[in-house]
Each structure stands twice: as structure tokens, then as C-alpha cells.
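Take a look at the following structure, please.
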Amino acid sequence: MDILIQQVVSGLATGGIYGSVALALVMIYEATDIVNFAQGQMAVVSTYIAWSLLNAGAPYWAAFLATLAISFVGGLLLERIVIRPVEGAPVLTVVIVCIGLLVILNSVLGWIYSYIQKPFPSPFPDRPIRIGNVYFGAHDVGALAITVLVLVALYAFFRFTTLGLAMRAAAQNPASSRLCGIRVGWMLAIGWGLASLIGAVAGMMVAPIVTLDPNMMAGILIYAFASATLGGFTSPGGAVLGGLIVGVIENLVGTYVHFIGTELKLTVALAVILIVLLVRPSGLFGRAAVHRV
Amino acid sequence: MTPSSEPILAVRDLTIRFGGIVALDSVGFDVADGQIVALIGPNGAGKTTLFNCLSRLYTPDRGDVLFAGRSILGLGPHRIAELGVGRTFQNLALFPTLTVLQNVMIGLHSKTRSDFLSNALRLPWVGREERAIRAEAMELLDFLDLETVAGHPAAGLPFGTLKRVELGRALAGHPRLLLVDEPAGGLNHEEVATLGKLIKTIRDSRRVTILLVEHHMGLVMPISDKVVVLDFGRKIAEGTPAEVQRNPDVIRAYLGIDEGMTR
Amino acid sequence: MPSRALRLGLVVVLAGAMVLPFVVTNFRLFQCAQVFIYAIALLGLNILIGYNGQFSLGHSAFYALGAYTTAIMIDQWSVPYGWTIPVAGLLCLIAGFLFGIPALRLEGLYLALATFALALAVPQILKYFEHWTGGSQGIVLSKPAAPKGVPLNPDQWLYFLTLFVLLVLLVLARNLLAGRTGRAIVAIRDNPIAAQAMGVNTALYKSLTFGVSAAYTGIAGALSALVIAFVAPDAFDVFLSITFLSGIVIGGLASISGAIFGALFIQFVPNWAQDISKAAPWAIYGVFLIGFMYVMPRGIAGAVRLGAARWWRRRAEPS
Amino acid sequence: MALLEVRDLEAQYGWTKVLHGLSFAVEEGGITTILGANGAGKTTTLRAVCGMVKTRGEVRFDGRAIAGRATEDLVRLGIAHVPEGRGTFVNLTVEENLRLGAYARAGRGSLADDLQAAYRYFPVLAERKRQLAGTLSGGEQQMLAVARGLMLRPKLLLLDEPSLGLAPLVVREIFRIVRTINQEQRVSVLLVEQNAAMALRLADRAYLMETGRMVMSGSASELREHDTVRRAYLGY
Amino acid sequence: MLKKVLLLMLMTAFGLGMLAPAGAQTVVGVTATEIKIGNTNPYSGPASAYGTIGKVIGAYFKKVNEEGGVNGRKINYITYDDAYSPPKAVEMVRKLVEQDQVAALFQTLGTPTNSAIHKYVNQQKVPHLFVATGATKWNDPQHFPWTMGWQPNYQTEGKIYAQYIMKNFPDAKIGILYQNDDYGKDYRKGLHDGLGEANAKKMIVMEQTYEVTDPTIDSQIVNLKNSGANVFFNVTIPKFAVQAIKKAHDLGWKPAHFLNNVSSSLATVLKPAGVEASRGLITALYMKEITDPQWKSDKGYQDWVAFMKKYYPEGALDDQSNAFGYTVAHAMTQVLKQCGNDLSRENIMKQAASLKNVEFPLLLPGIKVNTSPTDHAPIEQEQLAKFDGERWATFGELYDASKK
């Protein structure tokens, strides 16, 4: 029983990581209607910025906030400079530009910082929390809390603010949005900025666990995609929940289904998602696209 | 035009719900072979839903649809065209990147048979079939006065023109029954009159039975043999144009008190 | 478009391709064979994405399936390599068709991600069935030599073999896409509901298109196993799928020539990138990717088409 | 005084020219309609006024030259465009759609008041305010589109084929509301419409358009009496 | 028409084929003033972390050239990006061999990439020296006389731990965590072989794998702890080693912890994982761990730092790969020196296979490089070391795989 609980707990911890990155993915999808393959790499860039600030002696939370600000502006500028020229081009063209961005950022980071992984501090205590025979990593709990906090903030932003509403509108129907006086280009840019900011949070929460290197997000991004798919790409809450579910399923399958063991754990996790998609083609919490004939 | 005794289309007790809303509620009527039947009613009355049931895009919860005496509810949507039911769409459902000619050629899909393998190998008979398809599509474009735009991609042409392309595409499948959804959208009065004549010509020269959804009374009334009126998913009237226009329920729900004829 | 000029150009290109093996080094021939192989794979992917509108990030899986089919047949059962290519194609056709059936329920993004999952799972599965696949060590093959009596060295032979397969598959693809089936495939992309109403069995067509696309990619994989003479799970990771995707978008979606342009891009541009900078070759490659998309948002084939149209317009109406 | 004045307007899509030097005006406080056959360029004219297509020529709004300005800036000047096909945000609720209509005039006046006004004109929308716009019927969507335009508190309302695909009763209802709005709120209206009978009854000024040019203009009653118009558009 | 043209062209093509040139030379890639050495490394792609090895080698050869080269010849070092992809590696190696005509290949990196070119280079009879991978198959001079490994292979290292465990923990219950690829499996096999079938069956209580794409390995550590293992054989790359050490510590699991050499870096593994958590780790070393303070005043280390600052200033000083590349480049230079003026491929191979008790500055004191025509494994010695909270303290005797 203890091991079951411990596996669930550690699954939740890992799932929290997936969820936070998935949240950033969903966010940019909601705000810009594209899936940004460079999302994870942007988060790594943000984390390196934080690392540099910390290394220069900045206190943690100051560096944290500064990183958020820089990331927001950075994401905004990336959209204005890199993505804008292909605004209105076919979706796949934009996807390729994102892939280009991904490899550029990865390569440049490796060039500047080398590929050696760097320890990254956690704002939470080092000592694990122990309840009975089950251990909770303090950082895991803290990171999950921050993810949920970001989620709530996002929900409020999109639900209750005019800017949030305008961003959703711009992503759904750019032409009509213009007719409402919405500056669609800027909405997309703000969307990128926000997604980049969320990515920064995710990056800074992930880095203490997996250590910082330019490829830090590569594996996580895969799981984040899976989580977002499972939860439904149109649902931020679903993305976080999807992450937690993937984390837990993966651990339980790896532990209890012996002929699969850890070797095919990813495959099984993916198969589960596939099955979910077949039953609910827009993910667990996603919104089905409206079709009218 | 003597309608045969057996209706070509029989709608029986058709009911379909979306969530809690009953979109069609026990709707039933017949369409006799060779007739032009109009389906009218307020927006949201369930006309397009009915069309979608007929072309098997939706599956009704209850009731049956008989085409030439045979239930079609067990068939997949793509089989409907093979049976001889063609349709057009309210908000246009053309293939935008394809040319007008290609759009119409796809209309012949159900009447031709080359497949992946024979197409890839370009067997001799495939070439012959392809030439026949093209010839027939061109002939249809001629018939509909569309030959000048044959090579133009469907995207970017005026709405009214595209409506005609859709008609051509539907006719290409040699339908016995043609479902036409709001063909008069975007047309002025003169154009509507021409369209009315065209629909009659189609019925007469191509021996096609026509079921028509249309708001434009100027089109509906002169050409229809029968009019079926839906409101909130229920049939509220059925009869000749003259009967329907006098029906108080129809006037209240649909035509309005005065000047029912103008539109 | 004047078809005479096009045909003439085609003949010249083909003639060049025939003479090439005797004027350039074996290494260049090897590179050309790689281009041909990529072109086959891209053609397959383009049929699916460009023409049929179904996204796939999972074609590295079919490439792997094709490559491993050939490798295992040669390595374990000593089947003559020539036979393994159609078998690989057929197996991928079936696998693609079967994968295409559940894929019917998914659209756009979700289909892309489901296929992405397939691409991710394949290296793991390959490692799991170690007995057949040699696990992470892979399988080493011998490079096929030219048949007896044909005075070609292995590289020349493989060049002609891959070129031949490419040409056959190009012609088949062109035929397929030009006819009734091709129109139906594109109709499904443009408007699936209307296609259905025209009598197109969209489910069957989509699954079959998936199968055909997978078969092309599988044949490419089989040929790559012969040309590289080695297969290992690491060669078929999701990066390969992404490379293919970049290839068709850069080459030009929904165009047959786009497959060849795309193949040239993914084969040679990474090499130029590292010639420019060893410090960060990926950065240069990324710049190339983005740059191409800026200049030619509809791919090279799209730009060529546009350019040609402009040129003819100008010639047609001299002002 | 003319609120909108268009002179020698040209526009093209790709390589095809759609408007060939078009001139017309919309009087302040009036309702002007443009009639024309399918493909004459009516929709393009409205899109050109709103900066949604590339144009040449002169467009003056409220005395200011506005040709070439971005759509979203024109909206801020008080031009509300209800496009053909309605352009509702199908995945947003009715109320969210309305809030977006007021986006460009944020700050001016109370949003709540305007929502109230919109719901008064279109009571059916009030019943459906929490519903996704995509679930509305065609008529309700058209009402939503007009209501969204009103939320801008526009000086000029551009209506593109509001009757398209709507039942006669609904068409009359919408036209009645447009007239009310025009009278109560002093909003000028430019209406493009196939339903010439309704349009001419509603409008005080009318233009007839053929293949990208204005071929006739006058008061609505003048056009109603004109033979060509009668034959082609009114059918008597 | 088209068909006829095609046929005609095919015939001409085959006709021309008769005239294809044949024949080869023996001394390739060498002129009076230079010798060409070829290399591939992953400068892009998922394994680009290793790319620094190719770069530091280039820097070292630059230093050699500045100091006069080898026997009057400059080393022309040509290195290409293989992106860690077997097909790309084949292409680039063929380019090096056929286009650039290098005299020898050196330090091509990665097991899959080298596997892909293994047969080709031996058919072409190109020296394929000091390949950068820990697999065992490179030491097979009978079948692949042109290929030679470099570092102690992973299996050997696994055996070392096995022997130590059998001697010191007769009642060991071993839990293994390894990466699910050839690297992890080689280590695992080494441990199994070293324990012997009976012991392995008895002692190994749980084996867990992870994928290099996995974000975390928490679940595996939980399972291992739960298996009751009191010996933990940790076959992970640095990123996961940090997690494993930390997580085991967090869970209060205190087994005898054997950490593979791959992750023995103080700066990038042990310190990030926490000094407390890392105390007592055991590993096998053959090189000086450059972030270990005990080498601060070592001459070999200081020379290396000076070299790095001058020739490869952008290289990281806490990256063991940079020490690795530096050392192996030393070895290559040594081989070329031994060749004298005969730089034929045969002689390069012959000299590479006759290194006798050579020591290099960053190898652990006592570790000697030995090769022979029947021994293509240059480094076969390793020594166990325990982390005492500050440094790797070596203990016990030098283990020598060639003597077993």
C-alpha cells in the first residue's frame, strides 16, 4: 500500500511538471491557434536567464520576477519579429518557423552556456516532507502549488478581463476581431508573451528537479504534448489534470504491469492517450469543434 | 408529368434530438416522383437538419426515410449519392482549391469506378473513363452557363455563381432526387426568376425529383407542386402553394401578416 | 503552363541523371541516392498531408518499419534484397491502413499528436523486440552489389536502383492524383462532408491514403536500409518525422515536385549549415528553415509555380 | 452633410479588378442602400470602405480621409461593419460576443447600459446570453451580429445582406429593428441587400451597382419607380 | 516517346559504366607538409552535448601544429557533424574517406554511429582509431582489424563492480537502474557476467530501466527502494544520476551505491545532487576527475587548464569531455609520432596497435595505455574510488581487464 501511495505521489510530482509545460502549450494554442514546438526551448531560455541572474547574485524571488518580465517581453518580441512575417501563411509554414526557432534557440544556448548541466536552486526547502512511510518532495509540492496558482490566474484573466476576451476572439476569428477593433497582431504577440511567461515558470520549477541544460525540455515537452492532448488542447485545466494523470498512469503501469515494466512505460502511456482520444476525439476536457453544414 | 403511385421519397415519423432540443419532431411527408416539393419554415425550424438526415450526415433517433421504397437509414452517407440522391448546401460546401470543372467532376464520383490501383497504373479503361467524366462535366457547365469559369478555382467566385456550381456538381451524379438548400441566396429578382426556370428545366429534361429549401417565396411559390412547412421541428402545414399561403398557422409563424408574397 | 517546355526540361533532367553516375564520385552518388530515398518518403508524406489534409508526425515509424522489414528479412532469412522492398511497401501499406482507421476519428492537431506518439513509441518497441531487431545495437547489413553482368559498382547500382524506384513511384503518384481517386483525396481535404455527399467513401479513402502514404515511406525506409547498410532504433526517432515534415513544407505542400525540392533541402542544407558554423550548426539550419519560409511561404514548388505563372503572364501580354 | 463619401474607388482581389472607380455617399442620419446583381461588387465595396481589401481612390468619413487605414482604426472612428456571413465568434457566448462589440470604445459610456439596450432591441439574445453563439439559429446569429455592431455606438453601421438565409418574418423583424435604431440612436446605415423590395422601403437613398460601377442613384422612391429596377429587382 | 528516350539513356549509362575508373592508392591523405585526420561528432541534434569533444580535439591539434606539428607535418583535422544519426554518420565518413581522402578516422563518436560505419571503414581499410564509445565490439581485431576502441568498455567496468560486490557484500541484494540502450545494457551485462549466473540470479532483486527521454526517474527509485535492495548499481547519465542520488537520499534509502564512471563528475553530478546525499558513492575511474579538488595542483591538470584557456576558451572547465578529448588527442599525436615518415594507413594502424605502457597527463596515476595487434582496447585499467564528501578517494588495487 505504501508503495502504491508513494508511486502515486511521485507520479503527481512528475505529472505536475508535465502539466505546467502543457499549460504553456495550451495557452499559446488558445491565444494564437498554433502549436508552438519551440515552447519548451523558450522555457529553457527563460530558465537560463534566471540562472544567469541568480549567478550574478540576485535573490531568488527577485530573479524569478525579473525572469517573468523578461520572458513576457521576449515572447512578445519573438512574435513580432519572427512569427509576424508568416502571419496568414498556412499553419504548417508557421509550424516550420517554430521548429526553426527551436533549433536556433537550442543551438545558441549550447554555444553560450555549453551543454553541461547546471544545478538550479529551488525556492522551497530541501528536506522532504514525510507522512507515515510516504515522502513528499517539498519542491514537488511547491511546484504543483505554483502551477495551480498560474492556472487560476490564467482562468481569471481569460474569463473576466476584456483583454483576455479579446485574445480569445483574435485567435478564433481574426477577421471578425478586426471588425471589433481588436489589434489582432498584438493579441497574438501578447499571447506569445504570456505563454513565454508561463513557460518561464514551468522551466524554473522543472530545472531544480532535472537540472538545467539546453535539452532540458526535450523529453518533458513530449509528455506535455501527451498531457495536453489527453486533457484536451482547448482546456487549460484539462492540460494540468492531463499531466497529473499521465504522470500517475505511467508510474503505476511501470510498477505493476510486469511484462511491460519500465521499458515500455512511455509506449503504454501513449497507448492510453490514444485510446482516450478514440473515445473522446477532443481529449477529456476539450471542446469539440463546432461543425455546421 | 404523372407522378407514379409510389413516392420516391417517404419521410416517416422522423425525430432527432440534440442535447435537450428536439430538432425534428415526428415529421412525415411524401415526395412523388417528378415533383418539385418545397420545404419552408423559420430559421431553426429543422429544414437543414432534415436534409442532413436525408443525406445520412445525421442519424435520426426515431422514424424512417424510404427512398424508392427502401429504407436508407442503414446506409453510410457516401452510399446515398450512389442510390441517386444529390444535394447542395446552404452555406456552400465546394472544394475551394479545385477548379469549377474539377468540382463538377467530383460530382461524377458515385457514377464511376476507377480506384487507387487502377488510377495509379492508369489502365487503359481508366483513361477512357476519365475522358468521359470530363466530357460530361463540361456539358453540365455548358448547360449551367458556367463554361467561362471552368478553369477558375472555386474560391473567389461570387456567391450566386458558386450556388450554380454546386447545382452542377449535384447534377453530375445523375440523381433521381435532388436536395437543394437555399439556391436563391444572393440573387436579385431577375436572377431568381431565371433560377426558377432552370429548376423546372432540370426537373423536366433530366427527370429529377426536387426537394427545395428556400425562403424566397418568389422562387418557391411559382414552381412548387407541393409545399411542406416546418416550425420548431414540427410539420405545421402541407399542401399546394396556394393552400399553404392561406394557412393561418403558416402566416403567423413564417410569412407574417402582410405581403406574404414579396419574400 | 506549356507542357512542351516542361517535358523538354524533364528529359534534360533525366538525361543528366543517367549520365551523372559516370562523372561524379561514389560519395556524391551515395548522397544522390539519399536524396532519392528522402524524395520517396516526402512524396508519401505529401500525399497524406498535402493532398489529403491528414497530419502525420509519425512517418518515421513507417520509415523504420520499412527499414527493419528489409534488414530482418536479409539478416535472419537471407531473402534476396530485391524482394524485401515490395514486402516492406506492402507491410507498411497494411500498417498504415490499420493505423488510418482509428485515425479517422481524429482531426488536425489531435491526429498530429497521435501520430507523434507513434513516432515516439517506435524506437522503444524496436528495442523491446531485441531478438528480431538486434535491440539498440541494430542490424548491420552488406551493401548490395550490382547483379552479375552489370558493370556497375555498388554505389552506382544503388543510385540507379533508388532512382528507378523513385521514378516509378513518382509516375504512380502522379497518375493516382490526376484521376478520380486523386480528386476524391483532395476533395476530402477541402470539404469532407461535401465529399461524402458526392459519394466518396471518406473513411475508406482516408485509411487507404494513409496506407499508400505509409507504403511510400516504408519503401523509402527499405531502400535506406540497403544504402546505409545499417539499421538502429536511434536512426528513426521523432526528429526524422520532423525532418520529413520540414521537407514537405519547404518543398511545397500538395505538389509532386515539392518532394524532390524538399529532399534536396533536408539532405544538403544541414551540410551547408555546418560548413558555415561548426559552433552552432543547428542555429544556421534554423535560420535557413525560417528564411525559406519567409521568402517562400508556400514552399519551393509554390514559389516556382508562382514565378512561372508570372513569367508567362508577362510574356503573354507584353506591355 | 455626407458622413461617408467615396470617390473613384478601385479594388482588386489578386489579379481581378472588382471595383472600377466607384463613387457614392452616405448622408448623416440616413439609410442608404446599394443594390446590384450577384457578383456586382457590393460586398467588396463594404470591405473596401473598412480597409479589408487593398484599394485606390478617396474615402472620407466624417470629413477625414480614411482610405488605406487599418480596419481596427476605422472601427475606433465609429464604423461598425456587420459582415456577410455574420462573423460571430461561435465559440464565445452571446454576451461575450456583445462585449467584444464594445471593445474599441472601451471607456466611453457604460457597458452595462449598452448591453441592456441591445437586449431591449433583441429580447431573444437576452434569453440566450450564456449560450455559445454557435448554437444559435441563423436568425438569432444575424441579430447578434447587428447587436454586436451596435455595441460600438457607431456613427455608421454597414450591413451586408442581413436577410441572407433568413425567413421572411425574421427579415422583417431585423429591418424593423434597424429602422428603430436608425431613428432612436441617429446611426447612419449603409445597407447592401438582395431583397430590393425591403431595402428600398427601408432606405431613403439608393444606388444601383453593376460590375463594379454605380450606374444609377437617387432617392429610394425614385429607384422604386424606375423601370429597370422594377423589372430586375422588384419583379413588377 | 518518353519511354524510348529513357531506354536509350539507360543503355548509354551502362555503356559508360564499362569505362568507370578502378584502382586505389595506399598512401592517402598525406603530403610533405600535412596529414589529414577525419572525425565526426554530434554538433547538432539531441546528443550535441558531446560535440565539445570534437572541438577540444581540434583545439589540441591546433596547439600541436603551432608547436611545429608532427615530424614536420601539420595535422589537418577535418571534423563533420553527424547529428548522432547513423545515416548522417555514414554520409560524413564517406565524405571524409572518399572526398577529403583522410589518412585516418579518429574519435568518431557514438555507438550507433560507429556501428553504421564499422564495416565500411574496414572494407576501405581506413584506420578507425580510438572510437568514442564504451561498447565492447571495437576490440575485435580479428574481424575488424582497422577499428580500435579507447576507453575501458562498460562491460569491464560492470565486472569490476561485480567483483567488489561479491567480495564485500556476500549477502547483497542488488537493484539496478540502467538506461534502456546499448550503453545501459553493456553495464548490466558486465555486472551479470561478473557475478556469474548463480550469483546474479540470487543477488539481483530488481532491474529498472529508463528512457533517455524520460523527464524523471522517481518511480524507478521508489521501486528499487521498495525491492529491499541494499546495493544500488546506478547506470545513468549525469542528468539522471543527479536525480537518482537525490531521490534515494530523499526517500531515506541508504544502499551501497555504485555509480557508473560516466557520471562521476563532482561539479555536474555529485555537488548538484548534494554532498550529503553523495557521500559514500563508489565508482571506477581511469581519468582524473577534473572538478575533483585533489588535482588542483596536479601538473597534468594545470597544463590542461592552460591549454583550455589558450586554445579553447569557450570550452567549459567543468566538463570532463574536454579532458577526455584532450587526452585522446594526445594519444593520436603519439601514434602519428611513432609513425615517423611512413604515414601509410597500414603503418598508422600498426603504430596504433603498438602502444606500450604509454601514460597521458590526465589519466589516473598508474593507468597505462597498451595495445597490440591482438588487443585493440587501449585503456583496460580502472580503479575504484569512494566519494568522501570532498573528493574521489581511490582505494584498492588497479584493476586490469586484460589480465583476466
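Should a chain be cited, it is by its letter among A, B, C, D and E, assigned in written order, with residues numbered from 1 in that chain.
Definition applied: a contact is a pair of C-beta atoms (placed from the backbone, for glycine too) under 8 Å apart; a residue touches a chain by one contact, two chains touch by 3 or more.
It should be emphasised that the depicted structure is a prediction, and the values quoted were computed from it without experimental measurement.
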item	value
Other chains in touch with both chain A and chain B	C, D
Winner on C-beta contact pairs when C-E is weighed against B-C	C-E
Gap in Å, rounded to a whole number, between the CA centres of chain E and chain B	72
Distance from the mean Cα position of chain C to that of chain A, given in whole angstrom	32
Whole-Å separation of chain centres (CA-atom averages), chain A against chain E	35
Sites on chain E at which at least two other chains make contact	44, 46, 48, 180, 211, 213, 314
Set of chain B residues in contact with two or more other chains	57, 89-91, 93
Multi-partner residues of chain C (at least 2 other chains)	120, 124, 127, 193, 279-282, 285
Residues of chain D defined as touching chain B within the complex	13-14, 16, 35-39, 85, 137-140, 161, 163-172, 194-198, 231-235
Of chain A, residues touching chain C in the complex	29, 35, 37, 82, 85-86, 89-90, 92-93, 95-97, 99-104, 106-108, 110-111, 222, 225-226, 229, 233, 263-264, 266-267, 270-271, 273-274, 277-278, 281-283, 289, 291, 293
Chain E-facing residues of chain A, complex	2-3, 6-7, 10-11, 13-14, 17-18, 103, 106-107, 110-111, 114-119, 126, 128, 135, 137, 206, 209-211, 213-215, 218-220, 222-223, 250-251, 254-255, 261-263, 265-266
Partner chain D, residues of chain B touching it in the complex	40-45, 90-91, 156-161, 182, 185-191, 193, 215, 217-218, 253-256, 260, 262-263
Partner chain D, residues of chain A touching it in the complex	162, 165-166, 168-169, 172-173, 175-184, 287, 290, 292
